[in-house]
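See structure below.
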């Protein structure tokens, strides 16, 4: 193992063995296109089992598309979306939510550790109700958050309470939903629709699959014509089985949760190791698969000299992501390099 | 082999062996995300070799996205796109060109066998030049066409002549570009930029790959910020290597052309066989991998009873598509069923 | 009176005396902005009286904006709008319906004298129901039509029958609604919501006002947030009273109808005169304020030599529009020039 | 004179006498539509004289439309616009810039007294240059600002220096450009294109006209097809002369500047008066026609009891706007009420 981009993101890892086998199987013979195949039907049924409800499921290629199309199904162009100021929809999607909704504005909420503060959400919802400002229509929460923290169901319910009374729907950016679930231990139902989530973008790519995210509507009124929306947006796969077969397999026997638990455990180990190193300080609670640390120039230099790649932030911040493919050996190698 | 959807489309077949091997290789180890990997760099270089020019290449997931984003890079919302009345951008993309361009109108050209008639294109370009109508800005041609015919370079050059003098750019919807090239025999350069094509959407899915089309800009002025456009549109793959590795392999040693030639040859055999069957009449020149036939109710009934699936059109029309995976056995089986 | 553009369009005439007086009154003192004034409230109430129902009324600046915003309130980007092939939304709004709806496609219906044929509308609604084509969501009819003909309530009701059973709403482009009403003689209610119209764009500009069209929603569910839509689209006047005061006055004592009747009567006289001239042939029933005629080269030449301006069409067609300001003297002058 | 909304906004006043006379003249006879008339030609020429350059001029109905269309002509959907956090484009246009550009994001700059701080603009321009964030493409400055302050040419030039080196264009929201010019005393050329402004939205409504703003392009490359953009956006007036005639008149003999000077002078008097009142504190430099004051509850109560209307802000802030129509009597009446 050579040090490299293993911790740079949870998308530097490829396709996990179970997803790979599913692709192999799906590649036999011919299959009807555009999702009219048994892999897709069965994958959708698996979501209904996992979430214990008759949800509506659509597969798209990227998280950016999933979030933006989901938000566009909630919002007209003159609406606004409340999201945390460090949320992915605000900082890393190149204006995709604005593009797909034809103009919805993002209103930025504050909150510790990348979690939206209910009081600040309430403030944003109430701050303007005149025609000259976009009307708040959706709250977007990231689960797990961009800082690797996790909303507990009671926290979601508190946000739900704020939203519900103002006709604001809840969207969950679950690019790392699996990691959040592995962390919470509760049922997926409890962490989503039972806590007010109307639509969930469930990340596949960072859970060991390739080129797929699932948009899961718990409020089926919102998804009535979502298939047309996906098609028009260039997000309907003709060879859909190569997407759905991966989901079908990972949702079986809890493979998705197992890999997410592994990634989370490695993040814990990494954080524990860093805590004992002088010049490394853990910045946020490590509740999923991300470790944010403040590194001294020395530690940073040693890691980079050893060949490790990772996102750096102003002021010495560093982000390390663990994935389904992370190994104990890699964690120890990185810690060794950090120690010097 | 059981009769089924083998001829329903060229996307019912899966991933060809070479692309599969490329995926396997790409799945080893970790790779930087978003295309910052050697597979992607090498794949782009391969396009430059194949087209003998310093073109700019981007990978997206679907043909709908490829066409729409390419057209959006040519057009403002108040422009119009000229396309054949049976073109895919008009009939099968759910208004995606209008969506991605934020309103560009499609103007429908006439022409035999799904090929745009230069005189009709000229008529459309000249018909309106006032503010009250969208200004023609692009011509979109399908290569091969929706009826399985192929533009010869001299036909493209004639259209180019019409376009050039009015500031109209040329876009090529090459969902089946490989089949067209296998049919033409000339160089890819001759069939594209040397004949006036500014941007080509080169189909991967129907050429034996999965979930990928390449947008190839010959006019690099047009692609200056295309990467941002793709990202905003949810078309930037984080695990890009699983896309680019397929292209890198198929463009090597002419694999792409070999498969397209095979598909075309099967289409020829299928057409030849149908021509000898009473109640089957070939409707368009078979120049690529599609066979359009008019079937008598008896022939149609026999095929369906045997289990064959295919698109049917009003008045007895039927479409049969051959792919990289089509076998002689399948062709003979279908012909046998048609004969009864 | 010098011959000129008097018949070129019904927007070459200015502001009628009653509207002018209303502007004068509205210019006294100060008024709250953005429609929060008594002129606007009273104007809206006048619409409710004229239409005998609790409709929702919004004022915008142009017919293009009125139609497009109304259609955008009916359609998502992946929907389609059925309209006659010669309708203004298709031919003279520079793709505005596609722009405001972020991509809705127009499907073109046939029909004699610019009126949508119910059978062809039904064909378009039923022709496609798959994901690959925009779903029909609205029918747009022009009243009076672009050829100066008028839908009778029973014709609208027949179209309504077709629409209703497929979840398709009805939009009326009433740029010349006043002329249609003056022609029909029935109540405005009968010609609109009682015949299935969900939203009417009622033209002010061609009825003797300046820079105003009214969007009248009979289905208030559709207009719930229309005020935000107008504001975002740059169609909310800060000095709204200068718009609403005109409407308030013209809807009083039937001024709007009186002017429209005058214009229609002049069109009748003009058509009658032309019918008696060799080399002039009336092309469509003259039911509103437009006269379409086929002119011989001689007649055409004489009119142009005399200084008259009008739209000419390929093959000798000419359009003459009468307005609130048209005089008998002008009609006779034009006829005199035509006679030579 | 009864106290009311005289100071609530500079759009509660109507049309000034000169503009009114121009409308009267324009209402005589017939005129070609859509701006093909002499009033429009002459108005455009007047702009060229005022700005001492061959600029390109378009008339639209509202400031929201002017700003949004101008920005859309600078930006693609994946670009971003830098604007002050209290700028009108951010706070009071209901997401119109995002809508017309199909998704451009606004990046919020800081700066004292509503003026963009060059260092903060530079920070925003440089902060991100990756594909995952919209690329800065325009800076929007308000002149005069939302706090009634005015950029001096040297301040604009400093911003220009920052922009120029990064390919960022400069847009000026001049809803109150006249008031800024009256305040600065320099030439309009010096305050715009000679200081780097590429496109100016010159406000008519707040300068004594009705329903018109002018978009003035100093960089004609940017306006090449702006007329189509306006038409598609529903911003092309058919009876254009009623817009252009107002401009033609107000740009003659400096009427526009005279009224703006009057409004500014009244604002000075109002501020001077308030400064002497206990419980009133002036919050920003009074450089144009706005007076921002912090009022004690007593003063606020007295003013409201007397019938005065004005915008109030959290913490006791109040905004008073003077207009072309403001009189000394009104200023004294308001001051008198404030004094109690």
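Letters are used for the chains, namely A, B, C and D, taken in the order the chains are written, and counting of residues starts over at 1 for each.
The definition used in the following text is that a residue touches a chain if its C-beta (ideal position, glycine included) is under 8 Å from a C-beta of that chain, and two chains touch if they have at least 3 such contacts.
Protein names from UniProt, one per chain: A, B, C, D = L-threonine aldolase.
Every value quoted in this text rests on a predicted model; they were computed, and no experiment measured them.
Participant: Both chain B (L-threonine aldolase) and chain D (L-threonine aldolase) are touched by which chains?
Facilitator: Under the touch definition, chain B (L-threonine aldolase) and chain D (L-threonine aldolase) have A, C as mutual neighbours.
Participant: Farthest from chain C (L-threonine aldolase) in C-alpha centre terms, which chain would that be?
Facilitator: That would be chain A.
Participant: Compute the distance, rounded to whole Å, between the mean C-alpha positions of chain B (L-threonine aldolase) and chain C (L-threonine aldolase).
Facilitator: Chain centres of chain B (L-threonine aldolase) and chain C (L-threonine aldolase), defined by C-alpha means, are spaced 42 Å apart.
Participant: Centroid from C-alpha atoms only, then distance chain A (L-threonine aldolase) to chain C (L-threonine aldolase), rounded to Å. What do you get?
Facilitator: Comparing mean C-alpha positions, chain C (L-threonine aldolase) is 50 Å from chain A (L-threonine aldolase).
Participant: Roughly how far is chain A (L-threonine aldolase) from chain B (L-threonine aldolase), going centre to centre by Cα mean, in whole Å?
Facilitator: Chain centres of chain A (L-threonine aldolase) and chain B (L-threonine aldolase), defined by C-alpha means, are spaced 33 Å apart.
Participant: Provide the list of chain C (L-threonine aldolase) residues touching at least two other chains, using ranges where the numbers run on.
Facilitator: Residues 77-78, 93-96, 99-100, 102-103, 131-132, 134, 228, 231-232, 236.
Participant: Quick check on the complex: what are the chain D (L-threonine aldolase) residues that touch chain B (L-threonine aldolase)?
Facilitator: Touching chain B (L-threonine aldolase): residues 34, 76-79, 102-103, 131-132, 134-135, 225, 227-229, 231-232, 236 of chain D (L-threonine aldolase).
Participant: Flag every residue of chain C (L-threonine aldolase) that touches chain B (L-threonine aldolase) in the complex, lowest number first.
Facilitator: The touching residues are 77-78, 80, 91-96, 98-100, 102-106, 131-134.
Participant: How about chain C (L-threonine aldolase): which of its residues touch chain D (L-threonine aldolase) in the complex?
Facilitator: 4-6, 8-9, 11-15, 20, 23, 26-33, 60-66, 68-69, 93-96, 99-100, 102, 205, 210-211, 228, 231-239, 241-243, 309, 325
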